[in-house]
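Multiple structures follow.
What follows is a pair of complexes built around chain A, which joins chain B in one and chain C in the other.
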Partner chain A sequence: MKTRNLQFKIYRYDPDKDQKPYMQDIAVEVDSTDRKLLDALVKLKAVDDSIAFRRSCREGVCGSDALNINGRNGLACLTDISNFPEGKPIMLRPLPGLPIIRDLIVDMTQFFKQYHSIKPYLINNDPPPERERLQSPEDREELNGLYECILCACCSTACPSFWWNLDKFVGPAGLLAAYRFIADTRDQATNERLDNLEDPYRLFRCHTIMNCVDVCPKGLNPTKAIGKIKDMMVSRMV
Partner chain B sequence: MSVNVTVRKFDAVIVGAGGAGLRAAIQLSEAGLKTAVLTKVFPTRSHTVAAQGGVAASLGNSEEDHWHWHMYDTVKGSDWLGDQDAIEFMCRKANECVIELEHYGMPFDRTDNGRIYQRPFGGHMSNFGEKPVRRSCAAADRTGHAMLHAMYQRNVKVNTQFFVEWMALDLIRDAEGEVLGVTAMEMETGEIFAFHAKATIFATGGSGRIYYSSTNAFINTGDGVGMAARAGIPLEDMEFWQFHPTGVAGAGVLITEGVRGEGGILRNGQGERFMERYAPNAKDLASRDVVSRAMVTEINEGRGCGPNKDFVLLDITHLPPETIMKRLPGIHEIAVQFAGVDALKEPIPVVPTCHYQMGGIPTNYHGQVVVPGKTSQNEVMPGFYAAGECACASVHGANRLGTNSLLDLLVFGKSAGETAVETLKRTPKAHKELPADAFDRTLARLDRLNHQKGGANVHETRLAMQRSMQKHAGVFRFNDLLKEGVQKILEVQQDVQRTEIQDKSKVFNTARIEALELDNLIEVAVATMVSAEARKESRGAHVRDDAPDTPERPNGRDDANWLKHSLWYKDGNRLDYKSVALRPLSVDTIALKTRAY
Partner chain C sequence: MVNRKIVGAHYGLMDWLAQRTTAVLMALYLLVMSIALLSGVGSSYQRWHDFMSFGWVRFASFVFIVSLCWHVWVGVRDIWMDYVQSTGLKLTLHVLTLAVLVGYAGLATQIIWRL
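This part shows the complex of A and B:
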């Protein structure tokens, strides 16, 4: 079986024992059955059990293993080993901009706080009918590209506006979710949702840098959703 | 080492925030009870998120359907090992539970007239087994993701209190056997807590990581099942594991049965649609155990594909590309990522892969945990509930039908929540005092792990367990392999009792977490192997070489001796049995007959 030696530089910090963070040089041998970066990380952990990272589904739907990989945010389980250039160490760091708990594990409190701030649930005050609320296939299609978000935080932690305004700017993931409900014909709170975002920071800190679109592992486009919210803001003013 | 255990009091504690835990939590939060939901991962990372094809309900949006037909299919799918009272309950509740989800905002696909889209699925038929029916309610091939997020969102709305990245460690029971909560570790700090509760609901999901090749997430380590076993509660029907026909060869990642529901076909190395020989009526949409065995038979008889002839092909190249991109976009993505093929143009290499645990913690259809006692074989254990894959109601019996797992977690998550609410409101009482030894088991485990020297490596030990399970308790089972498997898994169990970790940090110590998870996995593995070795018949997913198909025992099923549930007890590694509930709630018993598709 063909094998390959992968060199890593990994961000390490355990507040229980380390004075300060450092980059660890470590290598692991992978074979042709190891397709993804996560496969290599699991092998690394068998060598050094102290490397801490999150992971679960290993197929890109749970959003646990978002990392900064060679300077770019992505999911370890969807990153092909074969794309790493030979002879150059792979740089692994935690997602940028959030407090670090340990090694590659960040504190996502602020990220989820922003998600929760947009009221991420359907609001419909009519008494629920006996059967499903009807929605045409075309109306349902409006939700495509919105509902698939896995809350991995690759986008928000790639956004400079989010880094500088963690507590004030909702960020691309939260705004994508906001538009997911605005776009849902079953939701009755569009005005309330727009009011909630009408603020110099919450929505308008998006300067269409589009890093979010660049890194989204699910191929979603938060910038486009944000643009639609901005358009709705404008059109309800005139 | 002295460890401080902080005690926190709640009306109810739910362990697990996947589908079943979130559904139960909605019930408790809406009732205004003080509830804690403990979860190892942020709720939307739970493995329900990976469910693809749909959730069963006889809504009849595309053609006539009826809960009674669904019930018949489920009983037949279970190879008559499912409890017919629980199955009737589930099938009758399906519509209500799915409609509720839609009202929570779940983005189901739609029919032209605006109703929930439904697709065919394996084993789901109309008119008592006549022909396939569209019963699986779907959101593209991301139904679990859409469902889990919608239920998390509903919980945000009703202010459920989550303890995210907290791992429950052991069940607390007092001398009378009553369940009083759990011990748990806050993963970020390594601190140990006790959650003292009047109702404890386990919704910890499956344990598919006992096998080497599994569609399951890393977190599916059978934590609730392991905790229950250590606390003296028997595990039901653990020999029954579902091998999903279509895991990506080599990677194990799931390819939904919805692919075949939309028209996908399995082909062997000769390009033949071999399912026509094994299931002339349902063909590729026969029940999962039937399809998995057919695939392994093709491979074993030299008709596999690839250089080693060790997989078969799932072909959708004849479907219109628009259908694939609209109904199966996630599958297209998975095929590119994990099989390296463009499914529009090339078939996907697949093999049967461990997928679902039919057995678990025994419950009734109210979600209450039941154990054999002085007065009945199903005595309710006060204060303890379980739902979803960790529980055994038993609606899946010896083989689960696709889309019935999402239905199970909805119906029984809700019913466990409802029963807990009713019980707490009917008989208001103070918290029963915690026994003096409430934390002993947990503290002993942690202390052992912290001080183990010259012990077994966690990674190696886990691999040894997974390889043993794969080899000795796979799709087909052999008497001699099972006997040897019992010895092997008991040897691995010895190693699990002396695992050693190098990392002793208190902060987010994933090495410690994996070692504690292995304690749970091994209980499941031993229960599986011992129960499988003992069951001397073939039924559903448990098919053995020494119980062949004969006229007296069609398909090797031995109803005279084995129409009964297994109960495995950790204490003494012993087995007991209890009868199957053959009487439904309101309709006639679905009578035993030979299972054919």
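This part shows the complex of A and C:
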């Protein structure tokens, strides 16, 4: 079986032991059955079991293994090992802009606070029908590209506006989710949702630099959703 | 005042829209001025003076100056909002920016209209 030696430089920081963070050089041998970065990380854990990182589904659904890989946010379980150039160490850092809990694990509290602030659930005060609230296929089509977000935080933590105003700017993931409910014809709180976002910080910190689109592992487009929210605000105003 | 993060100022849309509208107005003005300059209105001071004395040119120039200052105000205020965390310092910078821009607008209009 063909094997390959992968060199890593990994961000290490254990607040209980370390004065300050440092980059650890470490190598691991992978074989042809190890296809994704997460496979290599799992092997790395066998080499040094003190390395901490999050992982769960290992197939790009749970969003827990989001990392900064060679300076770019992405999911370890969706990143091909074969794309890394030979002989160059792979730089692994935690997602930027969020507080570090340990090594590659970040504190997502603020990210989820922003997500919850947009009320990510359907608001409909009509009595529930016997089976389900139906939509036309055209109305349902509107939700494509919005509902697929796995909340991995790759987009929000690639956004400088989110870094600078973590506590005020909703961020691309939250705004994508906000538009998912604004666009939903079954939702009855459109005005309240738009009111909630009409603020120089919550929505308008987005300067359309599109880092979020660039890094989204699911190929979603939060910038487009943000643009649609702005369009709806304009059409509501004029 | 309790130390809580407060949002909900309800004015972001107006500024965002103003920034885009002023950009379009400035682009139109620059297009008209470019055409005028290419057609030779800048070949002598007298021609330039006559051109700038037209009522519609004065009107358009004033709109351009106001658009420019408004556009700059939104952009610079965005920078203060992004990078300055202290409320007091931010407010001071906002006031200073406004004062400078109002001064520039007055001065620029005076210069252009005097031509």
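The rule is simple: the second predicted complex is superposed on the first by the 238 of 238 C-alpha atoms of A that agree within 3 Å, B and C clash if a C-alpha of one lies under 4 Å from a C-alpha of the other, contacts with A are read in each partner's own complex, and residues count from 1 in each chain.
Quick note on the criterion: contacts are C-beta pairs under 8 Å (C-beta built on N, C-alpha and C of every residue); 3 or more make two chains touch, one makes a residue touch a chain.
All of these numbers come straight from a predicted model, not from anything done at the bench.
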Touched partner set for A:Y11, first chain B, second chain C, both or neither: neither
First, second, both or neither for A:K168, with chain B first and chain C second: second
Which of chain B and chain C A:D199 touches, first, second, both or neither: second
Chain B versus chain C as contact partner of A:P120, first or second or both or neither: first
Partner chain in contact with A:R58 - chain B first, chain C second, else both or neither: first
Touching both chain C and chain B, counted on chain A across the two superposed complexes: none
Touching residues (chain side chain B, partner chain A) in the complex: 41-42, 44-47, 49-50, 99, 102-105, 107-116, 139, 142, 145-146, 149-150, 153-154, 156-157, 188, 217-219, 250-251, 253-254, 330, 333-334, 337-338, 457-460, 501-503, 505-511, 514
Interfacial residue positions of chain A with respect to chain C in the complex: 160-161, 164-165, 167-168, 195-196, 198-205, 207, 230, 233-234, 237
Chain B partner contacts - residues on chain A that touch it in the complex: 14-17, 33, 35, 45-46, 48-50, 52-64, 78, 101-103, 105, 108, 112, 116, 119-122, 124, 128, 130-137, 139-140, 143, 147-148, 150-151, 181, 184, 186-187
Chain A contact footprint on chain C (complex, rising order): 5, 7-13, 15-17, 78, 81-83
